[in-house]
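Here come two complexes built around chain A, the first alongside chain B, the second alongside chain C.
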Partner chain A sequence: MLHYLVRRLLAAVAQVAVVLVITFVLVRLTPGDPVTAYLSRVQSEATASPAYIAQIRRELALDQPLPVQFVRYIARVVRGNLGVSYTQSEPVGQVIGDQIPYTIELALASLLIAVLVGLPLGVYAGIHHGDSLDYVATAAATVSYSLPRFWIGMILIVVFAVWLRLFPVVGVGAPGSVLDVLEHLALPAITLGMAEAAYIARMTRSAMLEILREDYVRTARAKGLAERTVLLRHTLRNAMIPISTVIGLTLGRALGGSAVIETLFGRVGIGSLIVLSITERDYALVQGAVLVFAVGVFLVNLAVDLGYAWLNPRIRFT
Partner chain B sequence: MVRRCLAVLAVVCVAVTAWPWTGGAQQDARPALRVRLQFARAGGIYDPARWRYTSDWFVYPDLFNWLVRWKPGPSPNQLEPDLAERWEVAPDGLTYTFHLRKGVPWNNGLGELTADDVAFSFRRQMTDPKMTFYAVLNNVTAVDAIDRYTVRFTLKERDASFLWTAVAYRPGFIVPEKAVRQLGDGFVKAPVGSGPFQFVQLTPQGEVVMRANDAYFRGRPQVRQLTFVDIEDENTAAAALQRGDVQVIWTRGNPDIVKLLRGDPKIRTTRVVEYDNLFQVQFSSTFKPVQDARVRQALAYAIDRRVIAAALPGLDAMADVMRPAQLFGGTNDVPTYPYNPAKAKQLLREAGYPNGFALAFLVQRREPDTTVSQILAAQWQAVGLQVKLDVLDATAAFDVRYKEAFNVTIDATARPGDPHLFFWDLFDTASFPPYGSNYLHYTGVDSLIDAGRITLNERQRAAIYRVLQRKVMEDLPIIPLFYRAYVLATGDPVVSMTPGAFSMFWGDTIKVRR
Partner chain C sequence: MSLSGSSAANPIRAAARGRRRWRRHPLLSHRSFLFGATVLAGLAVVVAAGPALAPADPLAINPVNRLQAPNPAHWLGTDNLGRDLLSRLLYGARYSIAVGITAMVTGGVIGGLLGSLSGYSRGRAGIALGSVIDVFLAFPLELTALVLVSLTGSGLGNVILAISLAIWPGIARIVRGEVLRVRDVEFVEAARALGGRVARILRRHILGNVLAPLIVALTFNVGSAVLVEASLSFLGLGVPPPTPTWGNIANDSQKYLVVAPWGMLFSGAAVGLTVLSLNLVGDGLRDFFDPRLRQR
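After this line comes the complex of A and B, so read on.
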């Protein structure tokens, strides 16, 4: 087990290093830099002489060759220093630390909705495959998965916030007020969770169908076990191995999808922060936020892999 | 016994939870309002001398004062006293003396605002090249506190636009010397001013919270608290207003949202046209065909502004001149280029392009730019040009523009009140990129711009600017398209507020339902 963890950790370091390189290069390949973003707002109203522009570039080390910038960046990251955000005028670590709880909150809530809706729907469709409700459930899942999240969000806002006035439209709620936070979380979490619920439902249905055709399920039924026991203990538990992978991926996608949802619902969080930092070419913040996302996805995948052993005791980590 | 204890506990709980609502409400019944920040949030730099982000500019007028300010309203054309009760300009135009109101308090108990604070506010910007408006103030040689309530500015050379461009504009906010010295760089996150509101905090949730300054010299605001909320998406902002999550929003480019808000009986909308904010076609100095004035005129004749107006109903007032007659220094008595595709084709032939030419059209991905660019591309194609649209995000588009690596683009130039900055930015040879927006490297009106700046007599100035506009409308270094407009929408309990121009939010003008 320990050997396995060390191996995974080393692989993760390599993966994160690749993510760092790709992010570092990609943000710099995009036209414009932090100074251009600054000038686009203040040009002809402020101090924009070439000398002043050169000075800002020097301060941000943008005048250095790319390899030098990269080595300095890696040296800082290794020491746990993600740099200073140009747009927020604060250390990147602090900015991310302030905002990541809102993204985690949103991702977990959407995952909960996705699992609570998608899993029973998929199990039902798998067990009753071929009947009319299966077709309805499958069609609903396909439609839900195909619709753009942005559009789903707008429809939910119009129906549940403007018409029915059940939920607020924007913000994250007052800190300390659980009810207020939950009210603000409802629509974004449902928006993000619905598409994932459809995906989980489709995967669960496929896994259930496959397991239900296995010999041991037929044997269990032949032994006279109750159908409930056959379905829960022999079918669903085995189907959960591929489903747990899907759920793990879902959490990763929910983190990624937060950019659109946070922007739509006026929520703070890492997703909207990445959008802002890309617009403003805030290199340090983009790199820091993507790094945190990469580590987050790695941790989720590791947790899913470790969960296999709990779901199937025959699995051993070597 | 248990029941009795529970009853007592219940009474205590009710009393404790109800206390802030009953007692607090009696102390201050004014509402707390939530307002959509007009631009996407970035920065949170609340020291105006270090300004970097447009969204922060929205907040400044509620925290700070100028010596002189433009009269709040959609079309700034008049200056009025702010911290200065009155002012005098020396006959040679080189000295400005301001007499301050007495007894204006700083927020947070920092004492009285004095001439020393005024001198400090300008001097720190004049001496530190890192300050945002260092270059803007390079015509000021000295700012001296003559006594506790009198301050004098000395200029290197005459500048008739000085009050508008320096005193009542971006560099002109007055900050408390004591607080800036005490807090140092921390002032940007904990600003102290003399305005109608005082800064409370920029919350981790991204909201800017301010509470009313009840000692404000113009009177107590009708609003107890203002919270600026960042809502990026315009549809979301409209929904939030309809639901009452926010009470004030703006929309600039989306006709559907305007229609939606106007159809809601609970929402008040006000259309504001900014005649100092000109949306225009700009040309690059690096693109050969547009160096010929006949080609630029041909492109102007090919534009049918009625199509643009139909695509942006209610949002934009069309412009066929640079600066309309209702503004100081404006005139409609200039050559214009009404829609005439035959004339456009004729001019292209005369310029040596009978079959047109290929044109890379740089566009920033935002509204109304994308809609307008599609219309212009279609109209230019109709007179024989081959137009390719390059749609980029704001920073990438500016990067291309800044490097002058485009053929033609569209953008807006907004300069309030005095005409000098507007004409300087667009047409002066000192305003080639990166300093300004003279992308064509136009050289035709430098002497007129200088004359307009140093002439103190207003009638003579206005005459100079009329001549200038006739010249630029003949040479056409830019093509005026429309004056930008926005719709201010408010919901209950807001009864009225004075709409601002150029990202000014006048929080103290908000009137609420009693």
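After this line comes the complex of A and C, so read on.
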């Protein structure tokens, strides 16, 4: 287990290193000169003297060779300095720090909905394999998984916010009011959670079917155990090993889907921040947000892998 | 003499046997595959004959007819500029399917090549390539495409490129896993022992064994590409307007959601039905290629 742990942690460090290279290259690949792009935002490019342009280039270390720029970039990131966002006029780290709780809140709420809906649906479909409700559950999961999230979101907005006036459409709610926050969270979390519930249901059904065919399940039945015990203790418990991985991956996918959902529901968060920074061509913010996002997804994946190792004795005892 | 002779002598019986065999084909008794394939066949007709089927020019602006509900003159209504929605959806099918298939082919080639190389190579090169695939795989599909579009800029070609670069890691992982499974099988070792070159061994001995899961993965990825394109266009970062992609139609109708929801309804339904059909066909192919799943 220790060997696995060390190996997995080293892999995570390597992954973060690759992301650092990618985010560094990202800005260098953007068309046009970053200094010109910066000047076009803060003042008229035409009025900037060549001396001033050279000074900015020096300040941003753009006059240095690429390897030197890369080392300085790494040193900056390690110190927690992600640069300054010129659209927000604030350090990137601070902008991201202000908005990340809203994305985490949305991702966790959608994960909760996905698990509460998808897991029982998948378990039921797996146990009652072949009956009409299995077909209905599987069909519902397949349809839900195929629909565009923005479309589900817009339908929920029209029905629950416009027609029934049950939920507000835009914003994240007043920070002090739990009820207001939950009301604002409901529709985006359901939108994001529905597709993920379908994914979890499909995977759970598949895992249940796989385990139900195992010899030890047949043995458990043959020795006369109650069906409930066979299903809960022998089947579901073993099926939870792959399902837990799927649930963990769902969190990463929910984070990825936050860009569309946060934009659609006018919520602040890392997803809508990335969309905004892309449309505003604020590359320091794109770079910082992508880096933080990637590290977040890696941490989730790392936790999933470690959880998998902990749950699975075949890895735990090797 | 007896069997072949009787078949040749009795063509009616031979034809009946052929029909039975055709009917017995596992994919033809797979209901979801049949549903998906039928919808996709209909979509292929729409893509091929779009301009002939469209009742109006999809770009023709007519402010007098703006935001009309479905009616006999405009079967699916009109958008905020009075453009016929049915015509825009029919033309939109061409763009969405073109993006889906081209991105799938490009992503499939990149993913297939890198996945097979990382699976086949031993030592550090294989591990390094596998780690690179894992790193890219950790990025959610939509986010990767979003960031890449920010680099390349919007436009049909750039969107296809961004989606291709976003979907290749998933394909590479599947190919890598399959190649890892096959590379030490006796017939591959024999080819290696006979001095076969890597490219030849991959092409002649490994590709055939990887093809089935690759086809399934590619089918699912066309659906993913269609979904991502729609999301990018919906965010205003995909194919620029007035090109009638399904995502653009949804984006146009967003502001008029309450008074004229049909643009959003029909464009989203078109995306959903297409992706659903592709997923059902993918499910059918997966069940067909994996005999263990046929019974489920």
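The criterion applied here is as follows: the second predicted complex is superposed on the first by the 256 of 318 C-alpha atoms of A that agree within 3 Å, B and C clash if a C-alpha of one lies under 4 Å from a C-alpha of the other, contacts with A are read in each partner's own complex, and residues count from 1 in each chain.
Basically, a residue touches a chain if its C-beta (ideal position, glycine included) is under 8 Å from a C-beta of that chain, and two chains touch if they have at least 3 such contacts.
As the structure is a prediction and not an experimental result, all values here were calculated from the model.
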First (chain B), second (chain C), both or neither touched by A:Arg253: second
Which superposed partner A:Pro168 touches (first chain B, second chain C, both, neither): first
Partner chain in contact with A:Val143 - chain B first, chain C second, else both or neither: second
First, second, both or neither for A:Ile157, with chain B first and chain C second: both
Touched partner set for A:Phe298, first chain B, second chain C, both or neither: second
Which superposed partner A:Tyr52 touches (first chain B, second chain C, both, neither): first
First, second, both or neither for A:Arg8, with chain B first and chain C second: neither
Partner chain in contact with A:Leu276 - chain B first, chain C second, else both or neither: first
Partner chain in contact with A:Thr263 - chain B first, chain C second, else both or neither: both
Contact residues of chain A, present in both the chain B and the chain C interface: 30-31, 154, 157-158, 162, 263, 275, 279, 281
Chain C to chain A touching residues, read off their complex: 32, 131-132, 134-135, 138-143, 146-147, 149-151, 153, 223, 227, 230-231, 234-237, 250, 254, 257-258, 261, 264-265, 267-269, 271-272, 275-276, 279-280, 283, 296
In the complex with chain B, residue positions of chain A that touch it: 30-33, 36-50, 52-53, 55, 87-89, 98-99, 102, 154, 157-158, 161-162, 165, 168-172, 175, 263-266, 268, 272, 275-276, 279-281
Touching residues (chain side chain B, partner chain A) in the complex: 40-45, 51-54, 129, 131-136, 170, 188, 204-207, 229-233, 235-237, 239-240, 242-243, 245-246, 392-400, 402, 421, 425, 431, 433-437
Complex contacts: residues of chain A adjacent to chain C: 11, 14-15, 18-19, 26, 29-31, 129, 142-143, 145-151, 154-155, 157-158, 162, 209, 252-253, 255-257, 259-260, 263, 271, 274-275, 278-279, 281, 286, 290, 293-294, 297-298, 301
